[in-house]
């Protein structure tokens, strides 16, 4: 197990190293632009009004909230599914149904509350 | 040296069909030899057993080389294939002049991007902006670790492979959001926002469509799943297959779901401020992710490397690239959906359907 | 106008190799100004197919493209925009002045005119000029070949005279 | 009829209405009004369902003359309402609250002539660059005063740092040129917008005053470069109407054939770029390939691919070239097959339907108040087509079928344009079988047009193209004003676009088929 994940760790490091090397090359061999606006923020060729970091509107956060309600539960489905077929009796199906019912509930609630209906 | 370069140049651009054919043949032979070599090495190592530290180390080194080969070879190939496929679908021929059949086109692109300036705008949030290309590249490398290209060509068969893949591919959305937020550009911010809600919306149907596969195979290791498929699960789980296909297209941000980089709305989306190699990382990640989701689709539903006559890796690559072709076909046929339609399609249609599919599967298995 | 500083390390052979790659992967910017933009679009389309030379990757963001096709009249209002976009492009970068308007103001120059800048080279440096009103798509292809020639010193297709 | 009822109302208001010969002037009624009575007058026109075609200002040195052209969909008899103001301190009541479309024309006149419109909420720069510190279209040099400059620089959101302002354009893939929209966003929704035009303002109207009639003529094709023949035709026909030239029938047929081919080419280009806006790349290549066939035919006829200079006052430049009619016939057969392909590829596509159905609806009332014309209007259920209402040239012999849809959304506009391609094909089929023999142009032309004014409207691919020419008897126009359909079509978007998703805004903007240099002139 530990050896498995040492592989993963080494590969992560490898990818970072590779990326770093790839970024050093252009730093060395690429020419650089000069210009007053070269380092400015691009916005279709004109100066932007105000910052991009402003208060953002709600629908995205609502989606994020139901996702949180969902994702962890969905991940627990894997242990349920793993031995589902070969082990245990028909009562497993009932367990699955109960599990899914918990998933259906937030979805139905969000649907009812109009999260999926966009309006300005 | 100069003369040699010019000769090379002439070979590139004024090649007759004969020379072109020769070049292609040479390239194909080279790739086959490399693949065969990797296969043989993998097989030999497999036979040696995996207890010894030395063998592990060897596997690691060879695995790293293999991953690099797949990563860059695949991206170069797919860029060329995509442009060629697009060309032929659109009554034109696509890249043709750069090398035989335009085969060197993607290499020229890569080298050019290597020599391009890395602009880092003044007002960006430096840590986020600089880290995003690293983070988008990392999952691509790690996920290739567990993909079974062949019975003998899998760098490491981790027993919770699926969970690992899901965990790391979720990182992509974080990287994209970091890029969008860190650029302090309004278009990229919109792109980042879209990206993150799109990825989380389509991750759930994706997971829910994998769960029946796990139920059927009783294994979380990718190799175990392939070995458990007496018949391709496409036949047993057609609904899950289509849900996975749609979610996969959405996960890799391709038309009709390419909202985060929607060209006609958000100019270039989240990577709008990235230039040169940094942009190339996003480009590379896009094509590698395309390969990965196709490979996973092959593994889960099309019986992976299994198949008669041909060696395993050949079957694997044939199936994977077939899926890649289908996804490309989508791209050049469909318009882009609207953003709320995209999200609601997942939440209102795909997720309930996936749950229903799960219930039916569970019921049938316990009958 | 000095628009760029050279690389930190410059090697002759490396530079030639890079230029060879650059010449074969010139990505234009999606920036249509006026009439000539339609001919630019026609050049990308099926009959003329800019993709043959690997130049069909229209990048809308200036950070990611290699050359700008100035396809139309430069008015006083658009000139700063063109200048900004040019500066925001990542170097190395090139400019094609496509059409008479971009070269000299074209048919829109007359006594007492108040809004047209007579030539885009008053705003940004230009590498290739393509005359015509509008130039045919073949002319844009020729401009691309000229740009490649400028980079590699070699003409792709044997022209009137072979250099080597 | 509507006009009679209106005439009674106008009498009640107390305006002098004069009936003028339509064949020479291009309008039926000439209304002279006091400037104070303008709002009242506009109200009367509004009650009878008229729309503003254009607002023109003519500088007579001591006085400025303002002209409002009103027209009606069901009773297309044009009213020309004129009022005069002192050139030293020109001030007129604005009619923007009755006709918001006219409000946009008023903004244009304000910055080009310095006429102040009392009650107008926003008289900031629309076309011009802030450095230009005089009124360009005035005959004498009139500098912009400090006070006026403040008004002109008025409404930029400099202080408003809290909101999410997004610049869409000038360099943006889906604005097709250099249109700039300053959007006030609320997340993905558009709360408010401020268009900035004039990035392609090429002084067409000023240039006309500097050049002789024939010198100016080639530039007409550079305004709407997608369907340039409509503008050429309009200009040529206006001068013919002014001079009373009767064109041979063969020339009229040739003009009609070229014009209809050009219309199909324009709609094909629109089809391709619109689908590109919606994210589908392939139809773009298909449409351009079909368009190339038309360009081949027109190149054989006119000698150029895009900016034609083919029509001449009193006919056309050259007779039909050899094999032209056969080529047109071949194209018609090909195009009929191809339309089926488009139907299969695009029309039935569920994603396309989801993106366009019910999106960007232009109600009839909005269309009227903004002066929307062309396919955009016909998609809203109004059968108003200049080719049928005021038949000119070859359209007096051949009637096109008017494509009509009721929904008014983007999908309806798409269908109307496809139907127009079909209608144009059948019209072409009829025309090439009926081309009469005879001369293709008149030999004797008058040196210069007589003193007077003339209006002419033709149906371009985007809507009603109109030109208003004031001649003082010299070889240069005294004043020339274009009515560009894209401008009126576009300003309607400032109303319907509010509260839209940005993706819908792209889909709607694309479906309006805008050509920016035509808006900016």
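Letters are used for the chains, namely A, B, C and D, taken in the order the chains are written, and counting of residues starts over at 1 for each.
As a working rule, a residue touches a chain if its C-beta (ideal position, glycine included) is under 8 Å from a C-beta of that chain, and two chains touch if they have at least 3 such contacts.
Everything quoted here is computed from the prediction, not taken from an experiment.
Shared contact partners of chain B and chain C, listed by label: A, D. If you tally contacting C-beta pairs for each pair of chains, A-B comes out on top. Nearest to the overall CA centre, using the mean of each chain's CA atoms, is chain C. A separation of 17 Å divides the Cα centre of chain A from that of chain B. For the pair chain A and chain C, the distance between mean C-alpha positions equals 40 Å.
Separation between the centroids of chain C and chain D, computed from CA atoms only, is 32 Å. Centroid to centroid, with C-alpha atoms defining each point, chain B and chain D lie 48 Å apart. Residue positions 164, 166, 170-173, 188, 284-286, 289, 501 of chain D each touch two or more of the other chains. Among the residues of chain C, those in touch with two or more other chains are 18, 30, 45-46, 60-63, 81, 85, 88, 90-92. Contacts with at least two other chains are made by residues 27, 29-33, 38, 40, 42-46, 48, 51-52, 56, 59-60, 118 of chain A.
Taken as a contact graph, the chains are fully connected, with every chain touching every other chain. Residues 86, 89-92, 186-187, 190, 255-256, 258, 262-265, 267, 332-341 of chain B are the ones that touch chain D when the two sit in their complex.
Residues 13, 16-18, 20-22, 24-25, 30, 45-46, 49, 51-54, 56-57, 59-61, 63-64, 66, 88, 90-92, 152, 154, 156-158, 164 of chain C are the ones that touch chain B when the two sit in their complex.
Against chain A, the residues of chain D that register as touching in their complex are 157-158, 160-172, 180, 182, 186-189, 191, 499, 501.
Chain A contributes residues 27-38, 40, 42, 44-46 to its touches with chain C in the complex. Across the complex, chain A is touched by residues 56, 60, 63-64, 67-68, 113-123, 133-134, 137-138, 140-142, 145, 155-156, 158-159, 162-164, 166, 183-189, 193, 196-197, 200-201, 203-204, 207-208, 211-212, 214-216, 218-220, 267, 272-273, 276-278, 280-281, 340, 343-344, 347-348, 351-352, 355, 358-359, 362-363, 365-366 of chain B.
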